[in-house]
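Across the two complexes that follow, chain A remains constant while its partner is chain B and subsequently chain C.
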Partner chain A sequence: MKKLIPYIFILPLILLILLFYIIPAVSTFYISLTDMGRSLKGDFVGLKNFTRMFSLEDPVIGRVLLNTIFYLAGALAITIIGGLLLANATASLGGAMGAFFRLVWFLPRATPPVVWAFLWIWAFNPTQFGLLNMILSRIGLPGRGWISLYPMLIVILANGILGIPYTMTILSAAIGNIPYEIIEASRIDGASGWQIIIKIKIPLIWWPLSFLTIWHTLSFLTTFQYIMMITGGGPFYASTPLALYTYNKAFQNMELGYGSALAMVLIVLSMVIILGFRQILGLKREA
Partner chain B sequence: MMVAPRLKKILLGVFLLLLTLPLLLLYVWLLFNSINSGPLYSLIPNQPSLRSWIQLFSRLPKASGMPESILPIIGNTVIVAGGVMILNLFVCGLAGYAISRLAFKGKELLLSSLLIMKAFPMLILLIATYFVLFYLRILNTFLAVILARAAMELVMGTWIIKGFFDNIPREIEEAARIDGASWITLWGRIMIPLVRPGLLAVGIMAFIGGWSDFIFVYTFIFDQSKWTLSVFLYSLIASQESVDYNFLSTVSLFYMLPMIMMYGFIQKGLTKGILGGGIK
Partner chain C sequence: MKKTLILLVVFLFTALIIFAAGEQEEAKKAPVSLKAMTIGPGPVPVTRARNLETAAEQLRAEGLDLDLEVTFSTQKFGPYRTSFSLAFSSGAAADILSEDQDIIPEYAEEEMILSLDSYVKASGWQANYRDFLPGLWDAVTWKGKIYGVPIEGVVNCLYYRKDVLRKLGMSDAEIERTFSPESKDFTLEKLVELAKKAKDAGLVEWGFTHRKGAGDYWFNTVMIFGGEFVDKATGNMVIDTVALRKDFEFHKMLVDDGLLPPDMGSWDWSVIHKYSVEGRTLFWIGGHSGQWKEYQDKAYHEKLGKLSEEYLQDNMGIAPFPGINGPVTPVKVHAYTIVSTTKNPDISFDLISRAVSPERLSLHSITTFRGPTRKSVADQADFKTQKYLSKVMEIMKYSRAFPKHPSLGTYKSMIFEAMSGIETGRLTVDKAVEFMVAKAKADIPGVIIR
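Let's look at the complex of A and B:
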């Protein structure tokens, strides 16, 4: 009886892990080998879904993969560089002003996803109601349909900026933990502000920086809800990365089999990233 | 060449202000639109009015296919958020204790799978999750959303609670055990109250997760009577009829406020929890 007690404690956790991680992961693989559709029943078709994808039989898949790379690179750059820049600048500014800027930059994280998407849709609205067009008209410039003109850029900005609060908060704490003497000593030795950032601060915060990069790579690779709401992936797949394509194939076209094959690619990619960087993601194991 | 430190600070402040202004503008505009009657064409409310705030709590603006009252929608959102919170507190409180204190076979395996799951983006499994919920016959119920969202939040939660249990001296537990306390008493009466700050953080994070959830509600719920604030707002935005921006801003702000308050409440602890042990 006594031996059973620990298992009673972890039973609810195990049940939820089984239901929402293990079984879905196995089912994704199974469904990807079928032609499952709306009825949620499908016949076994072997690797047909995968050959459809890899032989570029699907005419948009090349476009989608290219989008994924651009989107990932762009959003990552904004999140990491933006967070690093803000953490540094607010720390140097210090005091109430620094705290104020950090507070404003924390807001996106405290904004529900739908509201965040709405802010972007509205800011770039093609009519005179859009914030950008309204400002342009005030200074005598014509408004434009921003979202259909630059869908990818807007999607990258919206997602990249959303990552900044997390990056900034963690990097601020990490920079705050750097002993003051180190910075002061290098300053006395004549290092400039930029030299201090690049040669001293960045190496000292290398661990959180790589953790954040991997974390956001996984997050950008797999979240699609903001893109879905802001551009809908369009016009004509112009802003559809793999994760959104997967969702739309499955739940709009109801091609669950093919959607699962696409999801398998994302699962394998994620696992490679996670296992490759396990040491870093493990928060050094003991934490 | 040295720039005067004071001038440097001013330049830095101006730079930050320029960088922050667009973001700040978005939120200020949201606020001003919610307290104006008619859409704004400038940055200052021209017809200040609480019209849309009153609409929000009395009768929603008429639009085809939209609910008439906000109250059931708020209720649904609270059910989902509260459900995720209670479930997570229960699951993480139990598992966090076992992982921190008890010895059992398979613990190493559980620990390493939790580490992987912490990074594993559960959203990729959405299609198969839909499939699982279909076979459990709980699609289109709150339970489906609550379970899925709790599963998404609980890896981090278990980890945080485990950390709190790790910090409690073992003597407390041993003393209670010598006094003859049963396992359940030991856990519920003695250990759980000691990790209250951890439970508070995990509970609030779970509540925020449920409160802000969009994709699970959007995918697993089909009836309008079960809409939460996120899907309601999304339907308003996506509806083809002429959009009332004052009202949209008001719903957005109302939806956002509880989240801001809760984040404000736990932000400090959150940073520490994420960093704890990692950077030293």
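Let's look at the complex of A and C:
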């Protein structure tokens, strides 16, 4: 009986994982082998949906995968580096001032998604009524069609900046826990501010930093609502990552079979990235 | 003992008869329950739901114990259709569904809606059948069977600014003549010429504006260039590369000449309508007749706010599109359909039939400013007073029904992406045509390339 107790405690969690991850994943895999459409009925078509994808019969899929890599790399870099620098800055400020700036930087996260997206749409509106174009107009410069010219950059910025507050909050707590003596000792030894960050702080906050990297990677891979609202994934698929393309195929065009095959690729990609990060970031705990 | 047994048998038998009779009586009295799902999107076409409710009141007044539950969705079609699919697969779908014509083939193929031939073509309904405008039945027909009863035609049309044209020196009579579909001047070339003049004179910022996103506008322009969408013999989707090329070249020319913004795909809807109502653009080519109503209900105009009927009549006009084979008014029909799982198809049709009476359709048309589907609506006293709606009916003479095919949504997304690529300079016309062919082959089963 005593041996069973840990399993009893872990059972609710296993049930939740089964209900909200394993069963949907298995169902998605099953649907990916069918030609299911709007009626939610589908005939078995084997691996046809996957061959359509991997043989590049779908002329957009290569572009979509490239977009996914660019988007992920860009947004992740902004979120992690931005969050780390802000955490370091606010932790260095300390006290009420540090808390105030953390609060200010937390505002984007507290903003409702529609409002956040609208702010970006307004800022980069290509007509004279867009914020940036208004500013340009005031200084005598012509406006630009920002969203159609730089769609990927804009969605990277909108999503990357939104990730900063969470990263900053976790990392500023982690930096705050570094014993003061260590920082002080390194200063006495002549380390510069930059060296302290690179050689002292980052190694000491490696675990939360790694967790945030993996967490944000999965988040950027699977979320697309801001992209949908700001650029719609366009123009001509220029800002469509895999998650948005999957959604469009499955729920806009109601190609549930093909959409599920794309979703399976997304699931496998996420797992590969997690395992890859475990290796790269050295996250294997010593026994 | 024997007596008691006989008495007991007689008692039980009597009780059984009384019970059975009571049940039969109850069955007679049981109300008919119907559910209907209707959609805007948006709040304007709420008469799609209300007309069903008033038709139900009429049936109740005639003695039918009818319990009708109507839902009106202001959502977009995507979530509305997903809700219906989920309800259908779980056996909880409504009996009546209001839908756009483009989804009818898909629902018909999946046997999710009933063919209404036996009702619509019945001898008792012939007068009604003939009263609907020609071509509209075609919009709700798939593989020779009728699946819906048209409620309205969303009339896609060209909006032009009379005030700008006056500033160009045109008299009202000249404007009327130029935009008369029968006029020899009513051509695409003439529109481009006027747009250039207005832009060069600094009267407008743009000559043309169209909609954002994947919408029906993208069918309009293919129709303008005489394109086909569906092969009549096989029912398969067609990629008409000749019409597509002309369509792409037309839009590219407009962008290159500075008459159309290259980034319209990223414009906000409120800005698009602002340009239209403030006369910042000469031609608004992405709209439909119902926007006349929208401009009176929403304050898109920065100074004037909501526009009055008088302002609109004085400063704006509508016309069909000048197609290469004559004027084209693309019409998308919205219809009542009956869901295949209903237990009461006869009563459902009776209800629909009353909801599309000329009086109710007139009310719907006046509420929404969308095209009426029956000729006799024009004879309704309240409709006769509507100057704008009479104009809508006039341009409906050039109606061409929107295409119908299960892969239409896929086609619409493809053509929008290709066009956004051309307008933003990411694609050449050749590459866009190549993309359309390759993507259609990958995404649309049995597609025919012409």
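Heads up, the rule we're going with is that the second predicted complex is superposed on the first by the 246 of 287 C-alpha atoms of A that agree within 3 Å, B and C clash if a C-alpha of one lies under 4 Å from a C-alpha of the other, contacts with A are read in each partner's own complex, and residues count from 1 in each chain.
The criterion applied here is as follows: contacts are C-beta pairs under 8 Å (C-beta built on N, C-alpha and C of every residue); 3 or more make two chains touch, one makes a residue touch a chain.
All values reported here derive from a predicted model rather than from experimental measurement.
In the superposed model, A:173 makes contact with chain B only, not with chain C.
Looking at the shared chain after the overlay, A:121 reaches both chain B and chain C. In the superposed model, A:129 makes contact with both chain B and chain C. Touch criterion met: A:57 reaches chain C, while chain B stays clear of it.
When both complexes are overlaid on chain A, the residue A:236 reaches chain C alone and has no touch with chain B. In the superposed model, A:186 makes contact with neither chain B nor chain C. Contacts of A:274 after superposition: chain B is touched, whereas chain C is not reached. By the touch criterion defined above, A:93 lies against chain B but remains apart from chain C after alignment on the C-alpha atoms of chain A. Of the two partner chains placed by the overlay, only chain B lies in contact with A:110; chain C stays clear of it. Among chain B and chain C, the chain that touches a larger number of residues in chain A is B. Chain A residues in contact with chain B (one complex) as well as with chain C (other complex) are 40, 121-122, 129, 251.
On the side of chain A, the complex with chain C involves touching residues 37-41, 52, 57-60, 121-122, 124-127, 129, 145, 147-149, 151, 231-232, 234-238, 248, 251-255.
The residues of chain A lying in touch with chain B in their complex are 3, 5-14, 16-17, 19-21, 23-25, 27-28, 31, 40, 85-86, 89-90, 92-93, 97, 101, 104-115, 117-119, 121-123, 128-129, 131, 134, 138, 161, 169-170, 173-174, 177, 205, 207-208, 211, 214-215, 218-219, 221-225, 229, 243, 246-247, 250-251, 256, 259-260, 263, 266-267, 270-271, 274-275, 278, 281-287.
Residue ranges of chain C in contact with chain A, taken from their complex: 78, 81-82, 85-86, 88-89, 106-107, 110, 112, 212-214, 261-263, 265-268, 271, 274-275, 406, 409-410, 413, 417-418, 420-421, 423-424, 426-427, 435, 438-439, 441-443.
Those residues of chain B that touch chain A in the shared complex are 9, 12-13, 15-16, 19-20, 23-27, 29-30, 39-42, 90-92, 94-95, 97-99, 102-104, 110, 113, 115-132, 134, 136, 147-148, 150-152, 154, 158-159, 163, 183, 187, 211-212, 214-215, 219, 229-231, 233-234, 237, 245, 248, 252, 255-256, 259-260, 263-264, 267, 271-272, 274-280.
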